[in-house]
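Chains here go by letter, A, B, C, D, E and F, matching the order in which they are written, and residues are numbered from 1 within each.
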Amino acid sequence: MSVYQAFTDSLRGGGPLFSAWIGMGEPQIAATLARSGFDAVTFDMQHGAIDFAAVTRAAPLVLAAGKPAVARIPVGEFATASRLLDAGLSAIIAPMINSADDARALASFCKFPPVGGRSWGPGESRFSSGLDNAGYLARANSLLPAFAMVETREALAALDDILAVDGVDGLFVGPADLSIALSGGALMDPQSAEVEQALAHVVARCRAAGKTPCVYAVSPERARVLAQAGFAFIAVSGDGALLRAAADSAVKTARGL
Amino acid sequence: MSVYQAFTDSLRGGGPLFSAWIGMGEPQIAATLARSGFDAVTFDMQHGAIDFAAVTRAAPLVLAAGKPAVARIPVGEFATASRLLDAGLSAIIAPMINSADDARALASFCKFPPVGGRSWGPGESRFSSGLDNAGYLARANSLLPAFAMVETREALAALDDILAVDGVDGLFVGPADLSIALSGGALMDPQSAEVEQALAHVVARCRAAGKTPCVYAVSPERARVLAQAGFAFIAVSGDGALLRAAADSAVKTARGL
Amino acid sequence: MSVYQAFTDSLRGGGPLFSAWIGMGEPQIAATLARSGFDAVTFDMQHGAIDFAAVTRAAPLVLAAGKPAVARIPVGEFATASRLLDAGLSAIIAPMINSADDARALASFCKFPPVGGRSWGPGESRFSSGLDNAGYLARANSLLPAFAMVETREALAALDDILAVDGVDGLFVGPADLSIALSGGALMDPQSAEVEQALAHVVARCRAAGKTPCVYAVSPERARVLAQAGFAFIAVSGDGALLRAAADSAVKTARGL
Amino acid sequence: MSVYQAFTDSLRGGGPLFSAWIGMGEPQIAATLARSGFDAVTFDMQHGAIDFAAVTRAAPLVLAAGKPAVARIPVGEFATASRLLDAGLSAIIAPMINSADDARALASFCKFPPVGGRSWGPGESRFSSGLDNAGYLARANSLLPAFAMVETREALAALDDILAVDGVDGLFVGPADLSIALSGGALMDPQSAEVEQALAHVVARCRAAGKTPCVYAVSPERARVLAQAGFAFIAVSGDGALLRAAADSAVKTARGL
Amino acid sequence: MSVYQAFTDSLRGGGPLFSAWIGMGEPQIAATLARSGFDAVTFDMQHGAIDFAAVTRAAPLVLAAGKPAVARIPVGEFATASRLLDAGLSAIIAPMINSADDARALASFCKFPPVGGRSWGPGESRFSSGLDNAGYLARANSLLPAFAMVETREALAALDDILAVDGVDGLFVGPADLSIALSGGALMDPQSAEVEQALAHVVARCRAAGKTPCVYAVSPERARVLAQAGFAFIAVSGDGALLRAAADSAVKTARGL
Amino acid sequence: MSVYQAFTDSLRGGGPLFSAWIGMGEPQIAATLARSGFDAVTFDMQHGAIDFAAVTRAAPLVLAAGKPAVARIPVGEFATASRLLDAGLSAIIAPMINSADDARALASFCKFPPVGGRSWGPGESRFSSGLDNAGYLARANSLLPAFAMVETREALAALDDILAVDGVDGLFVGPADLSIALSGGALMDPQSAEVEQALAHVVARCRAAGKTPCVYAVSPERARVLAQAGFAFIAVSGDGALLRAAADSAVKTARGL
């Protein structure tokens, strides 16, 4: 069974899957995290200093470790989503999907006709799928999920419309941006009461629509809480945060503090 | 005579020109193919794992071999087209141009006023053209062709409108996507009957409009057929395919199979 | 005081600040120019062969030298503006802002709510600001300026509307493109009479609106003139031009010419 | 069973194994050739434009395809051999081993004590071996072969002494250099009568010493001949040659020549 | 006071200084660890997948954080030591210095005449030192320490001779290799009884010679012990190990294990 | 006529040829300087932050401009000299050649048998030479010069012995190191009286031996003086120095200072 199939099956099973979150363009970080206990590795091209070239260098090492490689694209760069799928990525997370129109734009780049208008050219992806051309064309739309980020008031208002878009396989909540949006720019607090309420709402509406609820967790502790809240795919903090925490702890131990 | 002028003259002469097709970001591949019998080298930034940095590293080696360097941009990334022209590329192929509006957007990034709104800053390109600033401004629009890809039902329906857009110098058929589109996502077959019909139509309409018919050929044998069908610029398979075929053949010979 | 604060203060003081202008992706060039007498270093991602990866490699060396690192993005690539701000850049210059709508799009990617919709994730930027999360959210919009390029007839016509957009902190004139636009594509002359008139107009309207007038100068001599004309931020020629001039002069001296 | 074990077993079985030969620093070339019918992929750091960074980017893709990644180091750069083994390479080929002293220097960098003085730090290699620290220390010397290149008159004269060095696991003939050496610089002919004689001699002496005879073949046809002559590991031509031949053939077919 | 001066002063003060240890070529890892509580950042070019280009990209970010950047070179690659010092590194660690001759070779590349034969060309280093040419020539030998690794039986036997070499500023024990050497290849145990004895001996002989005792610690806990044993500079584990440990812990927490 | 032949002819004609001197790994710097009035471009791998990968990226752009690309290798890294020649470099400068033995080591890596032991594999170099295999083998030794740096008291003492080594095509004086050596480490002054005397001596002995006198000039003015003193190949300052001087001048002009 291909990594793609295994990942899709797990998501359909409801998870929870915990993903590493990568913002540095070093392939060895991706390899190291893929070999650890994480279920997936997600590359953050929106806020990380990591571009298409970096992801295509690192993603094969994740697949080689038998784990799915996911990418969050920059806002609105849907053509990059297509290129990442061709390059072997397992799933796409698109930020700031605030309307059904945004969601359709995402689907149009992630799904082949008749769902969308993804263009044919799946080099690495077809190889990793283990499928021939016909099989890949028939299966890719269901095998490679596209997740729409919900992180504004507009998105919350359009939630069911977004979920109804064919080709959108799940919602991914960005709690930090959502807290800023819900507070009118006054507050960044991914655990504000309004955010907590929205999180529960997203899980419920996703389940109702038969789609996957996903979320970013600012810490492993928070990841556990969000898993218990019903999220199926949970991105945990980041490589930088892991490294900083490990360095702090190491230095303290070394100094006997 | 500059590489640009020679390329444009050959296209106007009706070709057929055969182009190598590159999807790997290795400058030596570009140099090797540019020194071979191909008439041009095309970089595939849509489906290849090759970005702006890779193209700007490799393209100078193509020009140094006296061949034109062409680039296919990702869907809708027209600003990249401008940057590539500045960097010395000879021509742009833009995928998924499905309407006259799409075509005008392409032209607006590839042509200086009054045709389009390309911004001034042609570093390598002006150097390679051998022209001074005034000469470059006067000549660039006709010297650096922009090709619109026809690969959907919408594009076929709007064919003459697209051809009528000032600044679009030719059409480039993507037979694989076209076959998927024409079959409603059921079939990827770049030689389906519907595609064959469309190919003949594109050649005829281009010739009628005085513009250049271009196409992608899945193999050298297919390239020969498409040249005979009247296409002036034919991209032949890809670096990966060439390498795979050569490796298979080498291994068989070595093993005495 | 952070580099950001110092830069913003200087701009508000009216300048003139002179910025180096970089089109080559070599971090040492950025470091060398940042350590020279320039007040800032600007990376030209529109016409230079320099991409996001190159800027994120080079910008930290500019900050380390205590100078602000500015970036001009390619036309319309506003998501890149957000990523650059996250990566520590001090200011954004966006080309071809031809209407208030264009200006709002720029602001939406450069400013947090309620001004825009910039997404939260300011890794390097927050570090360099010396602020905590709450402080950064509160201060970033005023600390990291966004400049809209005025370089078409449409932009001149919409000048006050663009200036009125919340989140646009100044105008940056592109005299070369403006000369082409004003001549209908007939002439590239950054010192044409029409351009000179427009330059004075931009300074006046910026001052009236309490926003920063910025401009590109084709030479150091021209930079001096533009400073005297009231521009607060003046980008001076480019790394390539500096190097060419220095090489010519060195060779002449060596040959005794 | 690890790739290392499988490779060593095959070599001990006498082969013949046919290896791709890579001189370009593009990971996708390595991946493509590793997925083809070749038994191994060899990186040529002596004559190819490929350095340590390039090999460490590409080698993981070879291992991921289940094939051994071999490296030829530059003349005398034995410290690089150690670093390559740490990075996961399966075997080392060292050029210009002209004496038992040269051979001992090679062994000292490729083998742990008591055979050599290889330093401990096998990150990727231990991971790929599937062994723990103690297992790796005990097994690495026999699991990761080192091949000494025979390509001078001195080397031929010292053949048995070189073969007798503990830690040298086989000889690798460089027929081009050998032909130059044997002709006193007059002739480059990897199939000269003197070379043919030397090749047979090397096979015989290796077999007598229980070590592996290896060779470079200038073409697939030549590889077949050398396999029949008894060589166990045969590197076949190169990526550049494969690409050139494939391009020539493609262009001829396209032009109907 | 320059970073170099501060580092040298601290070492003379007896430390203990704790250094991060880097084996991945990602500048952001270096920046992250430099900004943490570590006193220094050491790049491992011997066993890490990190070359000269990677170190020169990352080291400036360490200096920008006000921390010294140290490099361990591959075995015997002393010319690289010179290049690293020119590029701004604060100190050199050279592995496998087994005799006074080895030590003199190291000094000859790290120190200017009359101590050694380091060649003049200190671009970044002179800049970071804050010294002019004359000052740098006069001060560099004492400002930029060179440490000789003691990790074989031969080195232990020659300890005082190595310490007596002018230009060697301290010894750096490699406990893993030392344990292998002392056990004749039978055992890798950086805390074997023989190693412990050697460690105490090295501290004593360094103190007697007025030079700096340095060591690698396999964990933060071990670093604390070694600091208490009198080592002045202690490299703590590695970036990979930090990341692995942090990932394991994060996953366990997320899963509620 | 190939660039190699033209360069060798000019050197034999006595010059003076003035070379740019590059220490930054940016291909566009090399291209810019190659297109300027300089006669050659030299890459400084000893003191510049530029490695083999950087040189092989940049050198083709120098050759494309019709200029020879020269490289100075790090001390004693003669295998790199071979690799650079294979990669298309026109000449090698080797630092710290202090004896006839050092000179023979250099020649052994730069010249084919019977002069040296350079290994066969001249990919780019043969292509750029325009020669076939036999022609290249016959001509390369005289076509691709190797220069030995004279920069110590030992080298001066062994001058005629070094010049007598077959395969050494000229001497290249390093005045800075020579001044340090001649002053016992007390002084860095490339124009000290002792250095001036040595410079005249080197020119005289080279001329007597029919070999090429080369030198590094700290400024264009100094280059002129050294040309008049009889040097045939003169490297002029560096890319960093050119850029710094140009920036200083630009800023002064802009500020009206």
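Operating definition for what follows: contacts are C-beta pairs under 8 Å (C-beta built on N, C-alpha and C of every residue); 3 or more make two chains touch, one makes a residue touch a chain.
It should be emphasised that the depicted structure is a prediction, and the values quoted were computed from it without experimental measurement.
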item	value
Chains touching both chain A and chain D	B, E
Any chain in contact with chain B as well as chain C	A, F
Cα superposition of chain C on its sequence copy chain F - rotation in ° rounded to nearest 5	180
Chain B against chain A, contact positions shared by both copies (same if over half, else different)	different
Of A-C and B-D, whichever chain pair has more C-beta contact pairs	B-D
Intercentroid distance (Cα basis), chain F paired with chain B, Å	42
Where chain D and chain E are represented by their mean Cα positions, the distance between them in whole Å	33
In chain A, residues with contacts to at least two other chains	23, 25, 49, 51, 53, 240
Those chain pairs that satisfy the touch definition	A-B, A-C, A-D, A-E, B-C, B-D, B-F, C-E, C-F, D-E, D-F, E-F
Of chain F, residues touching chain E in the complex	23, 25, 44, 46-49, 51, 53-54, 74-77, 95-96, 151-152, 174, 176-177, 180-181, 184-185, 187-188, 240
Complex contacts: residues of chain D adjacent to chain B	18, 20, 23-26, 28-29, 32-33, 36-38, 49, 217, 220-221, 223-224, 227, 234, 236-237, 239-240, 242-256
Parts of chain A lying in touch with chain D, wherever the complex brings them together	27, 31, 35, 57, 60-61, 63-64, 127
Chain E contact footprint on chain D (complex, rising order)	51-53, 56, 78-80, 82-83, 86-87, 109, 112-115, 117, 119-124, 133-134, 137
